[in-house]
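Some structures to go through are shown next.
Look at the two complexes coming up: subunit A is in both, with subunit B in one and subunit C in the other.
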Partner chain A sequence: MRRHDTIAATLLSLTHAFGTALVSEQVARRPGLLQAFDPRVRVIGLFALVLAVILSHRISVIVALFVVAVLLAVLSQVNLKSLAIRVWLMVLLFTSVIALPSVFLTPGDPIVTFPAGALHITAQGVTTAVLLITRVETAVTLTTLLVLTTPWMQILKALRAFRIPQEVVMMLAMTHRYIFLLAETAAQMFESRQSRTVGVIAHSAARHMTTRTGGVLLSKSVELSNDVFLAMQSRGFRGDAKTLSEFRMRSLDYIGLLSFLLVGVVAVWVGRA
Partner chain B sequence: MTAPIFEAKQVSFSYEAIPALRDLSLSMEAGRSLALVGANGSGKSTLLRLLDALCFPSSGSISFSGNPLTPERLRADGYDLWFRRRVALLFQNPDVQLFNPTVFDEVAFGPLQLGWASTEVIARVNSMLETMVISHLRDRAPYRLSAGEKKRVALASVIVLDPEVLLLDEPTSMLDPRSQSQLIDLVQNWKGTSKTVITSTHQLEIVEDIAERVVVLEQGSVAADGTPSEILSNGELLLRANLVHAHRHKHGDMVHSHPHLHSHARHEH
Partner chain C sequence: MHIPDGYLSPSTCAALYASAGVGWYAALRRVKCVFTTRLIPLISVFAAFSFVLMMFNLPLPGGTTGHAIGVTIASIILGPSGAILSISIAVAIQALFFGDGGITTLGANCFNMAIVGSLMAYVTYRLVAAGAAISSRRRVVAAAIAGYLAANTAAFVAAVEFGIQPLFFHNARGVPLYAPYPLSVAIPAMMIGHLAVAGIAEAVIAAGLVAYLQVADPLLLGNTSGLSDSATSTPVFVPQKSLRKLWLTVALLMLLTPLGILAGGTAWGEWSMSQVSAAADQKAIPTTSHDQAQPSSPPAGLQRLCSLWTAPIPNYAPEFVKSPRFGYLLSAMFGVGMLMAFSLVIQRILQRRRTAGQP
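Our next item is the complex of A and B:
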């Protein structure tokens, strides 16, 4: 790809992100185990399991938690193939790069010695690397399950239920709401520029144009935020937004919450150092 | 004679150095429907924002039911809450108005801010979603909707407040003819005989359907005030206000021109 296609690649990524967000919403609407729980249970339960993964020091326990995550994915109608490509493979690639040096650098019993004799792969190093990879894979899988089975706005509502300040939750909601609109505007501005561009533009000129486009986008976002504030004011907003909590805990939610917490506590107990 | 619900006296307003309204005076009666027509930049949207007390005149005054609309008055004794319960504005750009996570939350936002009880909010919102035929969009994110659906949701979010006065800023812009017609029907059904509806538009073809009185704005001032038939038959005025264009064509060897107006029901020359 040519260097000046970087912006196009960025915009393509944004479009891909919109698609991913749409897929997430579709998964969230499917009838599944996690979807059946109150969003607050999903937030607390899955974060409890993530915490258990972080606090566990035994690979077998973390692998068991990974199996729990896969079972949850299956029972929640999450596509395992998509999960494998989008999460497991990507995490494996990135975490392996980080974990690789520890295989050689961690002191311990050598299991492989390279001919020069200066470089050893140690058993402790391999254990550390596997622990890191399984821990990250499991934690990211659990977090992804939360994101896939719970619309972003329900996660925010759940945070509000945990007494996270209204201003913070509203700011996150607004950001999520308008980031799509601004990204769409940016993509349209870029396309409009492309349609009026002939030939290859010098890198310096392209950078200059991108900076100016960024400035225009910033002005548009300021204008939009002013108008949004007026629209809120027009419907009675006076600085403290009142919201409706539609969440209701049923017996199934209490059973789910207890199960999540129980699995987490057992995992931490069994997996202690 | 009915007392004016809004009275604007010699109102001027500028965006920094750019004047939007100049010495505008206008009186509006309760329970009537009025169309503000004018070309882009004639001051329609600005006037609606002033009537909704979102900004205030740089000179002149505006009153609502005899009470002056000033920042001080709005801040005093919960007057803003009283005013917001009675006057609602539909913004031209629905993306500005749809800032909530779901369609349900969007429609519930206004009633909640105005202090309605939760049970009443839920009942009214559900009923409004049915009335506007958008119940199926209840849990959808507003930014994922089509232009027509966004307009419906935005309209539901203000009509649910059951205001005495509804201000509509270009309600049918960006809509296909069918959606335009449906939106007009929804507003007319809601309006009945007791509500005041003030609509800004530059689409002359909908004026007869939405208003009993038409005010033409030109460069921030009132250029004409009359019934739809009086205004729509004044070709010279419409041409001057940039609301119609001159249509040139040939009759045999003779070329002539005249104002050109399209309408839902007819296409007239």
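Our next item is the complex of A and C:
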């Protein structure tokens, strides 16, 4: 990577956030199984399945839950190819790097001994590596399904239903909104700097430029916070957040909730130690 | 440092959710008192800023690049409570909206980065920068040390969480069920990267932002500076040169006070009882009063009231000083000293009241 590509790398990170948000909005609009459920059911149901994945001690049960996750993805019109590249491959690479040494480092019954005699692949090591990879793959797939099929505002409404303080939900909503504004501002600053760059920026100069951009963004953020506060006050905000609850549970939602919980409970029961 | 789902056992996750919950509750209560209605926009925008800052690809000394957490600058500007909330919100959005970091491990991630990181950053910054002026170079160094320690302490806590998994959570065959490495492996593996890269990234961004704010927006650093209101505003908004000029001017004026002796006569309307009665003044006063005739005897009110208060240093001439010039100079010094003492007392009282008013 060339030295001044740090600007490009930052721009890539910033635009990646926009890309993720757009994909999420698009998938959430498609007619699918998960999208048909009440957001509260989606949040509770998928969280229950993630919990089941973590509570389960058997690889077979975790793989079964992975199959359930793939089925849910197909029925919710989530693109499997995109899921494979964005989630499965990335998680596999990341978790494998972490899990692979455990094959050798975990004490236990040797199944392969290398000629030197000091290095063994143990049965326990292989099991723990496979367990970790399948567990993380399945949990991340389920979390991604929630993120992809549920618009952010619906997740927030679901959180309100779980008695999370209104201030916290409001802060989550506002933060999400301003992330895109500040990310766009930062991207524009980096773009303008890059457009005026001829040749290679020295490493130290790139560092100073990045911290200065961060400083300007910080000043802009504080100004923005003051403006937002004044705008909220001018609309009568006195510190209490009031919201409308528009959720209505239908019979389909109850069936969905029971199904999720049933699958979760069965997985925990079968997958117990 | 974002731990995904699957690395920590459910009981570890529950314990860390509970610990983070205590931190969130305390921080929310504290921040509500400090910022009141400003709380929501301030924390929200700062959380958004921290989120975006985490995406910055920061070139580091040695040719590598790294990402900062943003917890140190949040602690320096908002204090630990505000930082705990804003970083937690940013971490929650990363998990719930961008799928970065797990849902079951959200409590652990918030505990490590938001709570441990904020507290370590705040305590270190306050200790190293104690008593330093806002514009002091020491604050930049303090921010760098705070950033380095905060990132590494958060990583160390995460490493301990990883390291205890095989110790407590394994099956009958000895298969670790979650993160597979013991403390002896997890701590060095986690710390090498953070000591070499992530900690430096946090230190560089924190120091760089503090240096920027010292020039561009020093007021933002006043909140957690530990200095009094006057101390935080004086070095920032009044340059040292102008203060020196002010003191020089005061000293010069004090030296020039004996010039008052050169002027003859008495200031109009400032006559004492003896001057009103004196024959010379009886003649001089009408010439400066549009030839208004003086009363034959001193006014009765003046006679009655003039003895009510006797000045300790009458006519700027202390009794023990024989030279009138030196008397004037001494009186000037005494007067300026009295005014300074008076203003300091008033300032102290106002500060105490302000501190007492704060919860």
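Convention: the second predicted complex is superposed on the first by the 266 of 273 C-alpha atoms of A that agree within 3 Å, B and C clash if a C-alpha of one lies under 4 Å from a C-alpha of the other, contacts with A are read in each partner's own complex, and residues count from 1 in each chain.
The rule we apply is simple: contacts are C-beta pairs under 8 Å (C-beta built on N, C-alpha and C of every residue); 3 or more make two chains touch, one makes a residue touch a chain.
Everything quoted here is computed from the prediction, not taken from an experiment.
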item: A:Leu181 touches, of subunit B and subunit C: first, second, both or neither?; value: both
item: Touched partner set for A:Ala69, first subunit B, second subunit C, both or neither; value: neither
item: Partner chain in contact with A:His57 - subunit B first, subunit C second, else both or neither; value: second
item: Contacts of A:Leu224 with subunit B and subunit C, given as first, second, both or neither; value: both
item: Touching partner for A:Arg212 - first (subunit B), second (subunit C), both, neither; value: second
item: In the superposition, subunit B vs subunit C on subunit A residues touched; value: C
item: First (subunit B), second (subunit C), both or neither touched by A:Glu167; value: second
item: Touching partner for A:Ser234 - first (subunit B), second (subunit C), both, neither; value: first
item: Partner chain(s) touched by A:Ser102 [first = subunit B, second = subunit C, both, neither]; value: second
item: Doubly contacted residues of subunit A, that is, touched by subunit B and again by subunit C; value: 152, 174, 176-178, 181, 224, 228, 232-233, 237-238, 241
item: Subunit C residues touching subunit A - in the complex, by the definition given at the top; value: 4-7, 9-10, 13, 24, 28, 32, 36-49, 51-53, 55-61, 63, 65, 73, 77, 85, 89-90, 92-93, 95-99, 102-104, 166, 171-181, 185, 204-205, 207-209, 211-213, 216-217, 220
item: Residues of subunit A defined as touching subunit B within the complex; value: 22, 25, 29, 151-154, 156-157, 173-174, 176-178, 180-181, 224, 227-228, 230-238, 241-244
item: Residue ranges of subunit B touching subunit A (in the complex, touch as defined); value: 49, 52, 54, 80-81, 84-85, 88-89, 91, 93, 95-97, 99-102, 105, 108-110, 112-115, 118, 121-122, 139, 141-144, 157-158, 161
item: Residues of subunit A touching subunit C in the complex; value: 3, 6-7, 9-10, 13-14, 17, 20-21, 24, 47, 50-51, 53-55, 57, 87, 91, 95, 99, 101-102, 105-108, 123-125, 127-129, 131-132, 135-136, 138-140, 143-144, 146-147, 152, 155, 165, 167-168, 170-172, 174-179, 181-183, 186, 203-204, 206-208, 210-219, 221-222, 224-226, 228-229, 232-233, 237-239, 241, 273
